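Shared chain: chain A. Partners: chain B in the first complex, chain C in the second.
So, the complex of A and B:
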C-alpha cells in the first residue's frame, strides 16, 4: 500500500513538472516604455502588449511587439510616430533575440533579485543592431519579474527626424522594459 | 476705415488658426465607446483569417484608426499593479488569443466579467503578432477596448 501511494505521488510530481515547458517563462502583457524628449514637451509612449519568452535553462530571451501598440497622451504624437517616424504599416514589429550573458549566476529556483546582463539583436524600423543592456531578474513565488533600462539611438535604426522638430526630439531614446513572466505550460 | 477692418479680419484669422492649432496639438485618442466598428468578427474567426493568410488579412484590417468589435469567450483576465486590465478572448485550448488592452476609463464595466463569459469587446485595432517562438501562440492585439454587449451563456 505504502509503495502504491509513493508511486502515485512520484507520478503526480513527474507529471506536474512535465507539464511546465522545461523551465520556460512567458508574458504577453509586458510593458515597454520609451522617452525621447528633446525639448519641453514630453515625447513618450507605452506598449502594454509585449510578448516575451525566457528560457531559464539556456538564458535565451526573445521579445516581440507591435509598434502600433504604443500609446501616447496625444493623438497627433501617435499619428506622427506611426506614419512619419517608425512607419508602422511598413515595419509593424520590433523584435529582440538575445541571451542573458550571466544566466548561470541566476538561481531561478530561489526567490531573490539577481543582476542580469542581456545581449542580443534588436530590430526596429527594419534595422537590426547589437544591443547590450543591464537588467534585473526577480524570482518570486514561481514567477519572474524582469526589468531593464537602456538607451538606443534613433539614427542607428534610420528613424529620420525632420529638421523642424530636431530640437524637440532627442536622438537618444531611453527604453524601460518591465515584464512579469509566468511559467509556460506545454 | 478699410485698414481697420483688414486688421480686425487678420486678427480673427490668426486667433482662429491658433485655436485650431492648440486643439489639434492637444487632441486625444477618440474613445472606442463612441465609435462605430469597421468590422464585427468572432475571436476564432479573425485569428483563423490571419493564420491562413497574414499578408492579405493585414491589408483588410489596415488603417490607423480602425475600430473592430470582437465576440469571444474570456479565457484569461490580466490585471497589473497599476490596475490596467487585459482580456484574452478565444479558445482556451489554444495559446492564440485576441488580446484586448482595456480602456481604464471603463474599468468598472469589468467587475462582472468572469473567465468563460461570452462577451463582445470593441477597440482600436493594433495588429497581429505572429508567434516566432512556436511556443506561445499568435495574437490579435487591440488597444483602448471597451465592453460592447455583455452576453450571458
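So, the complex of A and C:
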C-alpha cells in the first residue's frame, strides 16, 4: 500500500512538472554578439553560452548569461571589458525577463517564420531598463530558431567610457541574438 | 485512508503547479542544473611583472608584449642631476605568450650590456568552482649573459663566466577584486663573481602585492629580502609604485632602490639604501600586440 501511494505521488508530481515543461523551449548555447565600434578598431564580442527559456503558451521569454563568457579577438579587449567596463566580478550576469507581445500570432505547431515583438526588462551592469526588440521566430521540425537585432545605449547601463577612448567606443551598442531552442522535457 | 492519501497527492500537485504559476514564472530555474563551472581567476596583477619581479599574471595565447623599462638615478642626488633623471638605465625586451600557461621573454639592459632570457610556466592556476585551486603556482627559469669587455683580459676567460641563472617559484592568490598577494622564493646563481669572498649562490624571497585603487589605477609593492648568499655591500631590493592603464598601454611608475631590470641584476647588484633615501624613479611601459588571434573566437 505504502509503495503504491509513493509511486502514485511520484508519478503525478512528474506529470505535473511535465505539464509545466510542456510547450517550453530552451537553449544553453545561445549566441549573443555585440558591436560598439566607434573608430577604426572593431570592438565586438561573442557569447556562445547564453541560456534562454521560452514558454510558447504564455509567450514569456527569459535570458541569462555570464558576462565573463564574452570572447574577443584581442585578449586585452577582453581584460578591459571585464575589468574596466562591465565589471564582471561585481555584476557577473546579464538577464532579460520579458514577453513576446504578439505571441498569439505565432503558431508553434506549424513550421514557418513569424515576426515577433519582444518587450521586457534587460539588466546589464546592475542596471535594469525596459527594452523593446523586433525579432523573428522560425518553427522548424519541433525546434525554434529565434533571432533579434536591437540597440542599447551604454550610458543607460552606466558603463563609463573614459574621454581618452571616447571616439573609439560607440555609445550605441548593436546586439544580435541567435538561438536554436529545443523542446524542454519535464 | 484512501481518501486522505488522494488528498495529499492532490495537494502536493496543486502546490507544485501553484509554485510555478506564481507571479512572474522563473523559467530559467527549469533548466538550471545547479552545476557551477570551474572558472579561472584572471587579472590578479595588471602586468606580467609586479614591478621588478615576475607576477602570477600571463600574456594571452599569441600576445606579444613590448616592454620598455627605465630606471633613473637616485632622487637624492638633487637638482644638479634633475633628481636622478639625468642618468638613465634601461632595458628593452619582448615577451610572448605561447599558450595561456607558458610565456617566454627576451631583453637587453644597458647596465652591464646584459642579455636575459626566461621561460615562465603556470602548472597551477587559481580557479573558482569545483576542483579549483585557491592559489596559482608559477615557475620561472631564466638566464643572463653579460656582454661587457672582460675586466681582466689577461687571464683565461670562459664564455660561461658571463652567465648567470635564476629559478623561481611563485605562489600567489587574488584574494579579492582589488587585492592580490604573492610569495616568490628565488635562487640566483652567478658563474663568476667579483672576489673569492663573494657568494655564487643567492637566495631571496620575493613578496609582491597589488591593491587596486580604481578600475584603472593600482598600488603595487615588490620587495625581495635576501635570505642567504648576499653579495657584499648590497641591499634588499624594495619598490613601490602605481600601475596606470590607458587603452593598450600599462604604465608602471615606481620608486625603487634597484637599478637592475633582470632577476640576477636586481637581486645581486642593488646598492641603494631604500630607507635612507637612495631611491630612483623608474617606469615600465608595456604595449601588447595580438599576433595570433584566438582560435575559439568566431563571429
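Simple rule for what comes next: the second predicted complex is superposed on the first by the 166 of 186 C-alpha atoms of A that agree within 3 Å, B and C clash if a C-alpha of one lies under 4 Å from a C-alpha of the other, contacts with A are read in each partner's own complex, and residues count from 1 in each chain.
Rule of thumb we're sticking to: a residue touches a chain if its C-beta (ideal position, glycine included) is under 8 Å from a C-beta of that chain, and two chains touch if they have at least 3 such contacts.
Bear in mind the structure is a predicted one, so any value in this text is a computation, not a measurement.
Student: Of the two partner chains, chain B (first) and chain C (second), which one does A:75 touch, if any: first, second, both, or neither?
Tutor: both
Student: Quick one: classify A:23 as touching chain B (first), chain C (second), both or neither.
Tutor: neither
Student: Contact-wise, after the overlay, does A:84 reach chain B, chain C, both or neither (first, second, both, neither)?
Tutor: A:84 sits against chain C, while chain B stays out of touch.
Student: Look at A:180 in the shared chain and tell me whether it touches chain B only, chain C only, both, or neither; answer first, second, both or neither.
Tutor: Touch status of A:180: first partner only.
Student: For A:33, is the partner it touches chain B (first), chain C (second), both, or none of the two (neither)?
Tutor: The answer is second: A:33 touches chain C but not chain B.
Student: Does the superposition put A:93 against chain B (first), chain C (second), both, or neither?
Tutor: First partner only, chain B.
Student: Figure out whether A:164 sits in contact with chain B (first) or chain C (second), or with both, or with neither.
Tutor: Second partner only.
Student: First (chain B), second (chain C), both or neither: which does A:65 touch?
Tutor: After superposition on chain A, A:65 lies in contact with chain B alone.
Student: Is A:44 in contact with chain B, with chain C, with both, or with neither (first, second, both, neither)?
Tutor: second
Student: More residues of chain A are touched by which chain, chain B or chain C?
Tutor: C
Student: Quick check on my understanding: which residues of chain A belong to both its chain B contact set and its chain C contact set?
Tutor: 21, 24, 26, 28, 51, 53, 62, 64, 68, 71-76, 78-79, 82-83, 89, 184
Student: Quick check: in the complex, which residue numbers of chain A touch chain C?
Tutor: So the residues of chain A touching chain C come out as 5, 8-9, 12-13, 15-17, 19-21, 24, 26, 28, 33, 44, 46, 51, 53-55, 58, 60-62, 64, 68, 71-76, 78-79, 82-84, 87, 89-90, 97, 162, 164-165, 168, 184.
Student: Can you list the chain C residues touching chain A in their complex?
Tutor: Going by the criterion above, the answer is residues 5, 8-9, 12-13, 16-17, 20, 24-28, 30-32, 39, 42-43, 59-61, 63, 177, 215-216, 245-248, 288, 290, 293-294, 296-299.
Student: Tell me, which parts of chain B touch chain A in their complex?
Tutor: Per the stated touch rule, the residues are 24-30, 58, 62, 64, 78, 80, 84, 86, 88, 97, 99, 101, 126-127, 129, 131-133, 135-136, 139, 141, 143-144.
Student: With touch defined as at the start, can you tell me which chain A residues reach chain B in the complex?
Tutor: 21, 24, 26, 28-29, 31, 48-49, 51, 53, 62, 64-66, 68-69, 71-76, 78-79, 82-83, 89, 92-93, 95, 180, 184, 186
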